[in-house]
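Here come two complexes built around chain A, the first alongside chain B, the second alongside chain C.
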Partner chain A sequence: MSDAPQEKGPRFHAPLRVGVYVCRCGGNISDVVDVEKVAEMAEKLPDVVVARVHTFMCSDPGQGMIEKDVRELRLNRVIVASCAPSLHETTFRLTVMRAGLNPFLYEHANIREQVSWSHKSTPDEATEKAFRLVAAAVAKARTLQPLEPVRVTAERRVVVIGGGITGLKAAVDLSRRGFGVTLVEKTPFLGGRVARLDKLFPTETPAREVLAELFEKVQNDPSIEVLTLTEVKGISGALGMFDVTLETAPRGVTGPLDDPEKVFSACPVEVDDEFDYGLSKRKAIYMPWKGCAPALPAIDFENCTKCGKCVEAAGGKGIELDGEPVRRTVKAGAVLIATGFDLYDHTREYGHLPNVVTLPQLIRMLDEEGPTGGRLVWNGKEVKRIGFLHCVGSRQVAGIHEPPEGGRLNEYCSRVCCTATLHAAVEVRKRFPDTKVFDFYQDIRTYGRGHEDFYEDASNADVLFFRWRVEDQPVVEEGSSAPLAVRVKDQLSWNEELETDLDLLVLAVGMVPRDNRELLDVLKVPSSSDGFLQEVHPKLRPVETAVPGILLAGTAQSPMDTVECASSAAAAAAKAAAMLWSGYIELEPFIANVDEDKCTGCGDCLAACNYDGALSIVEKEKDGAKVKVAAVNAALCKGCGACVAVCPERAIDINGWTLEQYEAMVEAFVADYDENAEEQK
Partner chain B sequence: MQNGEFEPKLVGFLCRWCSYTGADFAGISRLQYPPNLVPIRVMCSGRVDPTFVVKALAEGADGVLIAGCHPGDCHYQEGNFRAFRRYPLLLKMLEQFGIEPERVRLEWISAAEGEKFARVVSELTETVRALGPLDWKGRTAPREDGVQQGKREVANV
Partner chain C sequence: MTSRTDYDVLIVGGGIAGLQAAIDIGDQGYRVLVVEKEPSIGGKMIALSKVFPTLDCASCICTPRMAEAAHHDNVTIMTYAEVASIERSDGFFSARVIQKPRFVRERNCIGCRKCEYVCPVDVPDEFEGNLGARKAIYIPFTNAIPQVALLDIDNCIRCGRCETVCPADAIEYDQQPEEKTLSFGAVVLTTGYELSPMNTKPEYRGDELVNVLNPLQVERLLAPHGPYGRVLRPSDGKMPESVAYVLCAGSRDKSIGVPYCSRICCMAAIKQAILLSGALPLVDITIFYMDIRAFGKGYEQFYQNAKSMGIEFVKGKVAKINEDDEHNPIVRVEVQEGESRVEERKFDMVVLMQASLPGWCPSGVCAVETSEDGFLTRKAPHSSPALTTMEGVFTAGAAAGPKDIPDTIAEAGSAAMETVLYLRSLGVEPGTESAAQEVSR
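Now for the complex of A and B:
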């Protein structure tokens, strides 16, 4: 801050001196709006001392001009008429602050998005509308009062939801920056879908080695608390001061088992093993894989019959069949959503066919620790002819694809499947040279660094490519000489219709938004039209949701590969740290304010308020008598104004957005102005 | 007035989170709509006190738009729901003043619905243009015989 006089001193009580600055925006505004005329008319408005025009008000010279005027002309209210406030309201608040003015004595008028860009063919009317907006801004500015941001102490802890690679990476990064982390995972084990992968492209690092490293860091870090079988059930508070309600389901296994294998084999229940995407079976008491974390078995209570055989086999030690869910509340400054994705359900289109697997299932089969021990067999027979079909459940087109009942088409590209498919195709060719590989695609999108190599490797390894058009979808049927036959109109051979016999067809199923409505309802974060969670701005605020303090990372946001998940986790962790670093949060000062002289303590405002604790009725001493009045908790009030609209006494108002200010704006909007008058009223 | 034709003055109360951003998006998309509506940014459609609307009409506006987030999308949980509950009462009151309820419109416009914003403004402009000037003062002024002018009067016109 400069040493310029502060408006809170005598200067604030000085007569109003308003400056109006109209931006040409390099023609974006001035090609339609007569900005000179707007400035000229604005100068005649009451208390307006100066009105100027600049080609780019947001540029350094533009801002410098305003700063100079504030100092030299002793302005105490400033209006800039330019683009949408979402772009530069904050910019100009800082401009006036640098000149020594309280930033909330600034008012913004939007004459680009809502005037010049929208009314190109009616420049006279556009100019009039621009002037009315400026007049209203002046009217409001004349009633503005200096405000101070609300400061609240920030909790130096982040709740990370999701224990997959994204959540793990974010937890590690946050802890290294000195923040406490509560890592919440819904299932009994960490690692998410990456645990079920074999080698990760493009580096061919074994997936579970990467996880093992992260597990070690997370589990040995005293500032990271790992809670498996835990879900977020409620949230209140705001950025810097959330209260997150967590519910932990019982694990069933309370301590290490002497001979886990013996206990597992004692269990009579067998269900599909989700770790192998249903290609194998597991018991109701189980561990999904050798290096899993926590390295403690869990009981799947959805399928457990509580027969007690496991307790017997364990010698009565370490198993508890009648545990209850436990609820508790964690205080956190921010929440990071890393809940991942679901796989596209292909059964509607392909469920009736034999010898069809999804790409994640094939990856399990290729894994030496997987259900087939790494052998390429299906129903006991070696697979000699394998086909890959791209874009199953991605890039769907209305009129060609049918949305599921009550669902939507997945018009987006799942991004990961092309490289993952070619990665698997190359792997098959390498390890099973006698197996022929056919690839049915519409486009190959190997966009990432090193991804294109897999395309080249696949071509060099004699993977046979067939290219179909979206309007000519490949037809998959039971074959006569082989289990399956795929017919495609192949663009690479001049649209010839080709039929290929296959022993096994692999569907490159896309990513779909996770079905976790319950959680999203709790967190109140918006989804994009494709169903994935929406960031505030893809470039400027890529890891923030519309709810301040709730961040997102990984495939909850959009399809990503593991590399992208890791960088998005790092970005979200950095953002959370940046938000909470100072130990306090500055909130907009636009919060409710009670006029205790008018307030009768009726409590209507309380009933209208959406935020627990933001308003309360307190007893106060007034003229020797005890009276009830409404009181505002500055940290919890969001400034929505629901209370203002219901107050029968007009005793409650929102700082910076007062009734008086609205009324002044409305009056200015509808007033009659004479452009030739000496002075406007 | 353009070519002597009546140009309605409209005031729009647009919620800061959805509809105001939707109006910006209409501009970014270069959608063209009539310049008759002047927008006021409000924190929430639930903040729109009915007196704002009455004030606007009484001061010379011919119509008012209240626009907020879609139900379920409110930044403040359920502010738009409050706006929704208040709206019929407001219309009823206006009717009792003898004012056509079509002059006041409540719409849910998301930040992505620039097209809807442009359409709603165009429609409201046309609706109010067809209804003619509001003339609040003329309509609500006490008559010489002391009877408040009201709905029946309008119906007789």
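Now for the complex of A and C:
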């Protein structure tokens, strides 16, 4: 590989001139490592022309110093010893590029995470390790060749997974930005959980008004393809050129029904209506709400008995009971995951009690279009004393809460429930002035803009607050004089144990990660320890997953309110746009490279390859005869090196990470160095 | 179409929100001008030590963003400049931008700091929360961008030494403000926040008691390159053995006109408590709070870690703060734990977690509306959170209400998207060639 075809340009032929730059990282490194000594010793390494130290190498002055040296000292290899390459390798590649050097003549040594942070108590040894890492980087740099990035055409289409508020907003923004969008929704209807809300805090905007606007934009936009009842079943390719396999389940209803109500009433099957969180019933052929999108009923085939009564009622028109799932493949430059959240299942703790609802259920009850028509009744009786219990399934603590079997504790805060609870509490006091409201909380977390007003309104509306500590969990039991009794040690009343009779208790159930293992396995995106999807870095790359080109937004990432979901959706759309707008993508050139003289075409590499299509065996003309050799597809190869490890001929290498380079690094790392020598060999 | 305006987008405020928006817009091919009122970009974030909940060092995240924006082909940066007016006509914006005099020729200065070394005047260094000193002519801080000196004319004694020593003929004692009128297609307001003054609650005597600090001062004490290089209290240089945090010292308090929650203080206090515990192994830390609002991703776990590290959380309302003869602050607090009681507790140092106030008032400059809380009004928070009440003007970050860094960065991406969509609706397409402007150094 050392005499590979990349050899071009004058710099390669020039004598090696290496610059070494050691960063103090403010003190993060220099408080442990003697950086001056590292630089001093590095300067004696072969071909090293200059070695310098800076407080923040990544800062503008630090980068400026390197640029200046490259120009003035005619450096042709640069090493920075600083933090992990994941943070700043790209930064410094760009620095040397600005100075006119090929960016791949740069090498990075990690002396923060791998040295100063991990060897705090042994500074002398840390300094030696830092120097050895630098020496290894210098050894590698001396064998580096200029490389060119791989440029691939990017598909200007994004597959958005999830038709809730986040997915809808992202789809609209991407389409307006000039991209094609395939919006994939698993259920028969768009709108997600926001469709089941009444008014949104803090503005009191009707939730379904916000949705109606988005539905209209999405449905009337020729650049957005909406696929309901559709799931992602496979993905191949890479950033810029994914092939996404989609499977659409049959809807059962193929065209408008003349009299949908008549058809619904003909259906003999009745099941819990998930739209009302089980507070009402629906038929197996149904529409969840008046303004739903698409405005076409669907058949719930899990419960449908295929009795045919609906077909009869529809006059044989518009219903098809024997549809089959349809698979197709969509080409897309990026994929955006906006799959939302699930609600905490409270039945383990509270399922045995009567007169308990969840906050989302109460919100349905308060909705005039909801199961009670907006009346506050339970089992036919008006609710006169209502309690709200916060943190059900959130902020769980080991030793106090029990994780579900095979599950984990939800240690996180669900973020939206405090404001949502107070929003509902104020609404109850406003509309039902005779109903007394009690609120059982740990901390009131009305953090957002306008949120604190609900806390104040609730206090002014005589909502009675009880503050419990996590170690003194509230006890909820069937009451003697009322259906329920809640006992709390109330911190606001000098820790006295108080008992409150209730007609109805509302559980502010937390958000939990969606149970969509299958999808995540297909996409190969990692989750955080809390089970929500993991971003690459919360501040540097907040909407990207570890898989390039697969983005995330909304509550799939962590609990958020609707305002935050909209921001997150637009931010993810902006990221997709920045990656794809030019129509091409530049990929790192660290890909496999076959030495055709050595390759025997045995195919071992192909068997070891982890990426479909990245390697193939092709026939080539060689000295007049046809021979088989391995060939690399530059766009699909990830440079993992699995092929290198199995090649019996050492005929395959990764550009920028060749075996020769590894050997040079290992030798330099273990070599003997003499601190006092004039020059190190 | 692009040629109709000097830049496609004006971004007011070069903190992390403005820089991220600039990068996200510039990456899509549009030309951006960032106007920052301070002598360096980086905003509040660049002065922080480490950031919650990951405890990354703030410089390590903010510095490369600053450099990326400064080197971006499509991004131009003006520092130490104020936007005097923003007007919209014919669907385009015209803005008057005033370059404040640095008394140093920005083009000439090479950032060698020779002036700084010879200047005989020492004044408190604002970047270090006035805990350290700087010269009357100075580069704002180590990783400032641009690396251009600034002469503090109010403190300059006109000795002329800087002019003599300057190798680049950069000193200009009679420099005047320069005004430019520039045109834009769209505007993004990322004007951030300011902490409420230390005397907001006179009973806490924050402006008088020497060992009562504000959180940004503690950030500097904790920063590895801070004023003392370690955590010492200001009165006598002692390593504090007991530190108290007073949360909501200016927020959630109608009596002083800030009824809202400042959103970042709980987590900032917990973070500082954790960092102080690392820097001062023997320190006892007490946090007085109303509610602990650890709402973000990983925040509650961070709070629980702090509790298990032995940091004491006390629900209580601090009534007043005094000090003893040795400048030890004495906190009088109504403790709402167990039997509620009033206590007086002595600490080596107290930190007041002040409120976040709007960083900028648009009145008289730009016709965007603000809400009762003084922050910019969002026109359509649920569908397009970045929209202000003025067409073509967008916002992100703390300009639209107090916000932590992850939320700010998400909003900056969102504002970038809305801005680009707006430009496209005007028919403005990204420049085909690199629209490189001369970048301020």
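Going forward, the second predicted complex is superposed on the first by the 671 of 681 C-alpha atoms of A that agree within 3 Å, B and C clash if a C-alpha of one lies under 4 Å from a C-alpha of the other, contacts with A are read in each partner's own complex, and residues count from 1 in each chain.
Convention: contacts are C-beta pairs under 8 Å (C-beta built on N, C-alpha and C of every residue); 3 or more make two chains touch, one makes a residue touch a chain.
In this text, all values refer to a predicted model and were calculated from it rather than measured experimentally.
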item: Which superposed partner A:L147 touches (first chain B, second chain C, both, neither); value: neither
item: Superposed model, chain A: greater residue contact from chain B or chain C; value: C
item: A:V666 touches, of chain B and chain C: first, second, both or neither?; value: first
item: Partner chain in contact with A:T55 - chain B first, chain C second, else both or neither; value: second
item: First (chain B), second (chain C), both or neither touched by A:Q114; value: first
item: Contacts of A:V627 with chain B and chain C, given as first, second, both or neither; value: neither
item: Touching partner for A:A571 - first (chain B), second (chain C), both, neither; value: second
item: Which superposed partner A:G639 touches (first chain B, second chain C, both, neither); value: first
item: Touched partner set for A:L492, first chain B, second chain C, both or neither; value: second
item: Chain B versus chain C as contact partner of A:N610, first or second or both or neither; value: first
item: Residues on chain A engaged by chain B in the complex (per definition of touch); value: 84-86, 110, 112-115, 117-122, 125-126, 128-129, 132-133, 136, 524, 526, 529, 546, 590, 608, 610, 638-642, 644-645, 654, 657, 659, 662-663, 665-667, 669-672
item: Touch list for chain C against partner chain A, complex; value: 24, 27-29, 51, 53-54, 56-57, 59-61, 63-64, 66-68, 70-71, 111, 142-143, 145-147, 223-225, 229, 252, 259-261, 263, 291-301, 304, 315, 336-340, 373, 375, 378, 381-386, 400-402, 405-407, 409-418, 420-421, 424-425, 430
item: Interface residues, chain B side, partner chain A - complex; value: 2, 7, 9, 11, 17, 21, 23-28, 30-36, 38-44, 46-52, 55-56, 59-61, 73, 75-79, 82, 86, 112, 118
item: Interfacial residue positions of chain A with respect to chain C in the complex; value: 25-28, 31, 55-56, 58-64, 83, 87-88, 91, 94, 98, 165, 169, 173, 176-178, 200, 202-203, 205, 210, 213-214, 394-395, 397, 411-413, 415, 443-453, 456, 467, 491-492, 494-495, 528, 530, 532, 537-540, 542-543, 557-559, 562-564, 566-575, 577-578, 581-582
